[in-house]
Structures are given as structure tokens and as C-alpha cells.
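One structure follows; several queries about it will come next.
So that you can tell them apart, the chains are marked A, B and C in the order they are listed, and the count of residues begins at 1 in each.
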């Protein structure tokens, strides 16, 4: 049944940390999506708070800056009535030569309940999870190129909201798959939830070498890859990739892989468009599409709060 | 009656955003001052909190740094029991090339209730107010040289507290009118509230070219301008103006326009002195005046919390 | 009885500010330790909050960066249900040329209840305490080389927790006594609480010239200094001291004064090891000792929260 060796699950097979979607049972993904459903209502109420995590200390441990993701976790935690401590690390402790594990051990000794960890190095949240005591939960808020599970989950929530049944969908992920932790989390989630046809579209230089091992179909041509899909998941093109050997130029990229109304017309008429943000308008996506009526980019953000509330409350409850 | 085209008012003529004092009806200014009156009591209680904004998410969106103004809004929001998210923007999202409107659209999608906006460009809060949905309120916390309405309002509160009746006052605003968003907000507020004699005092280079259109009397000489006034409103001289063509030197400025006990003696014996802070002691104001018994500079700060509580609670209630 | 001239005590001899341990009566140290004892329970509860400081505004006024100390005060204040405002000063106000006292006067006018002050200059918290009104409390969170009283108190709590009776202990403080505000606070606390034998161990260049006036025994040799002690208090070696005339090199320092298992074996078999953190592993302490079973370094952190809760609640209650 459950992978008992999964470092994210406790002895009862319940979610203890959220580090990656890879290897998570479908039941747990569904539990998170269902719990988030109940929180969508909370965030639309007059008083957007529930007392589920009152008195809990949640640390936003951001070793890499991210206003947007940090803010969504902060809001989600506050709506659960938790106390939130924001730590942008590299200012003080690390500059004093303290290791990440010493920093975390110290914060744990302050009776932290949960660490939300963003780090530029893949695996940092796993490392932290391995070293904290049993009563502390770790949530990966993005590590290197590895994983960004809450982003993957909010994407699943969005798809389910608009398309209901994963088992009937054609889904395309477009752009820089190679460097994208978001793409990795999406692929694992979509596969686990039973999407029968999953495509990745991008230039050879921006696809991992053995991406087909992940159970996806590879396309280099948007016209073919978008044909008849139900869901188009655009990725952000990182500025730092826009020069050098990966890409000729942002203009060139847009010409071939930027999502325009014309290209989107090849997908199903009711296809939805997702983007994890922040968008590079005119690079990976045209403004007419980004702001068009097939775009569900802003609902993704709204659902992202509910997903983070769900993850935090499930972890704290287990 | 009300200017229905005023972007700050809703269909019922109630305050929906606070962007500028210009064009606000006298009734609304009075409503804010009266509401603030009731909050002065709250901030002096043992437990300085009221639950008016419980569960509301208020974003301090500071595109220009300001510890002081940000802190007053943060305190005011917390005393109303709101959840406050501080965002010093230019660190992450904007550095990722996202536009101000995309940033705001994203935060709005997190179910924000109110944006407190400080921006170095005049008009930024108006732009944001035009693009947010109907259930979100925008407060201008200072934009370029344009307006700083909560500062203007707290100044009005302070004047009313000490002088009661605006319709009997001579008021002088002194210093760098040209670059001051504070001065603009003060002039609109004082005019609306019926001050019969409003003077501005400063060197030609620091006065707007057609300042007399605003209904003020222009003076270049402190001795004449301060004569018999009830209220002296000093302005901060921005460091960045202190060099180049506007001013010979800070010393020279102090000699002619710095407020000393000697110059203040020309005003009425019970005249009060205001300053929006932070003060440049020895440049626009002498320490004996700043710390003297006619100074109401620290009460301004205290009243500023009550004014911000009033504005936020009125907006959230409408 | 009490030193009525002590600027930390009110007319009734109760603690009004916490600026330094020097000169504090033993009764007050004990009151703080006993109060902290009651809060250790709170921080282990499911809901780690008590409403003692609800509605109080506590300002973390950090003129010198310190993620760790600031975080402990923030958590402690939130567990007492206070509203916490974090101000990393030198960004805005001071860069606008405002003096520390003007900054503090302004924050006080916002109806602050307590200032937690960290400053690189010795005496800054005293200066602030002298200028605030009677209803505001100041806590020194570390000033220059002068004092770090809450660190000293949490060390005392830790020692009492493991060793019960101060009047039977041999205690050694090891390392850079000269530049350490922590060491000064420890020495005053240990002396006041009746420790009969207090030793300091370090190279001549890192000891204050007349350290023996403080009632301590001076050792330059670890083998002699650690002999039969009950408590070993390591100090952090500041990076900025590691070069130049004070020290030959970190390696050299470790050889003579770094705490290894071998050197620790000279102390009593049940001796405990403290360190204020963050540690320089391999410089002042070996990892086998830092992570060994005589180390009480992480419990220090936990007790530090309780001590800060105790100090804040005692001050607010007096």
C-alpha cells in the first residue's frame, strides 16, 4: 500500500512532511485537494480566519528570496490563526558562518511547529526534514530544480476545478522543462492522478535528456504538441536562462514557444491556460492569452492559498 | 452634491479609496476626523485593540522605503485586529520583471481586502485603484510629489484638536512646497475645511509656479509670512534637494527659512508648530522650537495612528 | 535594600527596564528565573499562547542585525499575545538623518509599550531608557561590548535547571572575554547568585586588563582552568577578531582554547557545556562536544524563549 520508506509519511502512512509529489499516494493528493476545497469557502467569508493552528509557530525559512510564494504561505498561516515568523536567511546567521542545520536546530529549539523552506539547492528541505525532531513538519516551498510541491498541488486543484476528471485529459506542459522544479512537480502529480496523455513541449536544449522516462510525450513543435489538449501549462522562462547557449533570444523563444491566441486555437475550444507566475509577457505568453477568457492564472493564485492552508492543517493534524 | 466622477467615492458617495484629499467633500473629511477621535481613546486603553477588521488582510505595498509611515499603518491595522502583510517591493517580484499591475492582480487574487500603497511615482495608487476589483480598497501612503492624504488628515486632526474652529485660522506652510506631497494634501484639506487665510512661505525656487491658483498667499519672507498666524506647518527639506540649483546650502536655508524661537515669536503667542517628520534639526527647524512647548510634533504622530485606524475602518465598512 | 539610584528599577524597587545584570538584586534575578519556569510549561503546550500582553505593542528595535536574537524576542512576544513590530533601523529613518532619540520619540508617540533594543554602541539602551516616558519599558538585547542581560539570564536558568544550587559550583567562562557582552552579563549574574568559584580562561590578549576586579580567577591554560569545574561556558569568537593582533589564527586558537572531548574530560564527569551561539565549530568548540551528551546548547535556546517571556511579562506587569 503505502511506501513506508517514504520520508514524507509517518508510520500510519499519513503525510508528515511535504517535500515532493514524487512517490505520494493518490489518496494523499486527493486528501489535500479535498481539504483545500473546504478552505476556498473560508477565504471568501467576511472573517477569513479559522482557529485550527492557533498558537502554532510557523517559520518561513527562505534561503532564496521569493516575495510571492512567501506571501502566500504567510497569508495561509495567518488565516489558520498561526503565528508566523519570516526569516530571510543569509543576512545574519549564515553570514556569521552558521550551517543550515545549526540554524534549523536552533529554530527547532524555539519550539517551532513547522518550517516552510525555500532553498536554491535541491534536497535542502529533505536534509532539514531528516534532522528535525518528530513533532516538527517541513514543507518544501521550492528547492533548486527539484520540486515545488504546493505549486504542483494548486495546479492540480485548478485543473480539477475546471475539468473535474483527470482520467480524460490531454495536458501539455510548455517551455523550460529542464530547469523547472514546477514542471517536475506537475508531471508527478498529473501522472499519479491518472492523466492518460501528458505532453511536454520545448526546444531540445530545455528538456531533460531522459524526460520520456517520466511517462510523457515529447514535442518540439507547438502546433503538434497543443493539438486537442484540454490543459496548457505554461512555465516561466528564467531570466538567467535567456542568454548563453540555451536560447538564441527571448524574441526567438516567443516566436516558437510563446503562447499566442493563434497557437492556443489549436487546443480544444474550452482548453484552460495555467502559468505559475510571475509571467514574462511577450516571452513565454502573449498578453491577449494571459488576460484572455481561457486563462485561469489568477484563480491559480486564489486556490494556492487554500492549498497551502490544506497542507499546513493536514500536517499539523497528523 | 457629491462628485460622482470622483474615483475615491462609491455610488453612494461614500469613501471607497483614499487617494488624495483634493476633491473630497468636507463631510467626508469631518467623518474621518470624528471617527479618529473615537480611536484616540482606544490607543490609550490597557488593551489597545478593537476587533473591527478581524480576518481582513491588509497589504502594506511599499515600492519606496519608509519605516515610519509603514509602521504607523502596521500598528493601526493591528489595533483593528487585521492581518498585516508587509511587502517591500523591488526585492523579488519586480526584479523578476513583473509589472506593478501584475503584482497587484496577484495579491488581489490572494483575497486582499486593502492595499496601502507608497510609490515614488505620482499616480501609482490611482492606477492600482482603477484596476482592482470592487471589494478591494486602496489607500495612498504617499505617491511622488502628488499626495499624502493620511498625513494631511492627521495634520487637520492636530489643528482641530488644539484650535477647534478652522474658519477662524491663519495658517502658514513653510519650506519646500514645490517637491512636497505633504504640502499639497495640507493645502487641499485646509481649503476644504474653510481656513480663511492660508499662506505659503518659501524661496521662489521651492514654490510651484502657479501656487496662487490653489487659493494661497505667497510669501518669501518669514517675518511677514509668520505674522499673527495661529498654525505654523513646517515641511521637511529633502536631502536630495539640498544640493544643486534649488538651494545655496542648508545653512543658508536655515538662516532664511529655518524656524527659530525668534521667528516663531512673530506668530500668535499660542501658535502651534507642526512638522511631518523626520526633522532635519538645524536645517528647517531649530531644536529649541522642535522640543519647545508650542511644538505639537509628537502629538501629530499619536493622532496619526488614530487617523489611519479611522480611514481603514471607514473604508472596510463602506 | 534596593539601589534606588538604579535606572532599571522603579520607586518600589521593581524592575522597570532590563538594561544590564550589573547591580540587579538577587531577588529580581530569582523572580525572573522563577517566572520563566512557569513559561517553560506554556511553550510545551498544544496552544503555546497566553493572553498576558494582549494589545501591547512591542517594538524590536534592531540597529544591528541579529536574526537569532530578534526571532527569540518575536516568538516570546507573540506567545504572550502581544503585537510585535520589527524595525531593522538604518534602512530608512536613520538614512534620512534622524537621530536615534528622534526615532525613539516617534515610536513612543505611537503608544509603544516596550522597546527591545540591540545596538552596536554600548549604552544605547540606557540612553533610550532615560528619554522615554514612564509607561514605556526598555529591554537591552545586546549593546556593544557592554551587556546582553537576557542571554546572561537564560544561561543562569540553564545552569539552575541542571545544577540546582549556584552556591556549590565551580564555573569557567572560556574564550574572548574582552569583546564579549555575553561574558560581562554572565559574570555579574553568577556573582550575584552566589557562585563561589568563577574562572575565566583565555589568552592575555582576549582578557580585559583588570578582569580580576570582577571577582574572577584568571587562567591562560585550559588544562588548569577546566580542572574540576561543574559548568563550562564557551564564548563565540567573533570573526572580526580572528585576524590581526588579537589572535595568530583560528587553528591556533582551537589548539589552545577550543573545547575538545579531551579537554572537557578534565572537568567534572557531569559538567555541562554552554554556548550562546552561533557556534564556530572547529574554532572555539569541537563538534563532538557541541553535539555530545554534556552539551546543553539547544536547551539554552528553548529556555531563552521562556526567559524573554518572563522579562517582558514582569516589566509589563510592574
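We adopt the following convention: contacts are C-beta pairs under 8 Å (C-beta built on N, C-alpha and C of every residue); 3 or more make two chains touch, one makes a residue touch a chain.
Bear in mind the structure is a predicted one, so any value in this text is a computation, not a measurement.
Enquirer: With a Cα-based fit, what is the angle in degrees between subunit A and its identical partner subunit B, given to the nearest 5?
Expert: 120
Enquirer: Are the interface residues of subunit B and subunit C largely the same numbers on each copy, more than half shared, or largely different?
Expert: Counting shared over all numbers used gives less than one half: different.
Enquirer: Express in whole angstrom the distance between the two chain centres, defined as the mean CA positions of subunit B and subunit C.
Expert: 41
Enquirer: Two or more other chains touching the same residue: where does that happen in subunit A?
Expert: none
Enquirer: Residue numbers of subunit C touching subunit A in their complex, please.
Expert: Counting only subunit C, the residues touching subunit A are 43-49, 65-68, 71-72, 74-75, 78-79, 239, 277-281, 298-302, 304-305.
Enquirer: Subunit C touches which residues of subunit A in the complex?
Expert: That would be residues 54-57, 83, 85, 87, 89, 91-93, 96-99, 102-103, 105-111 of subunit A.
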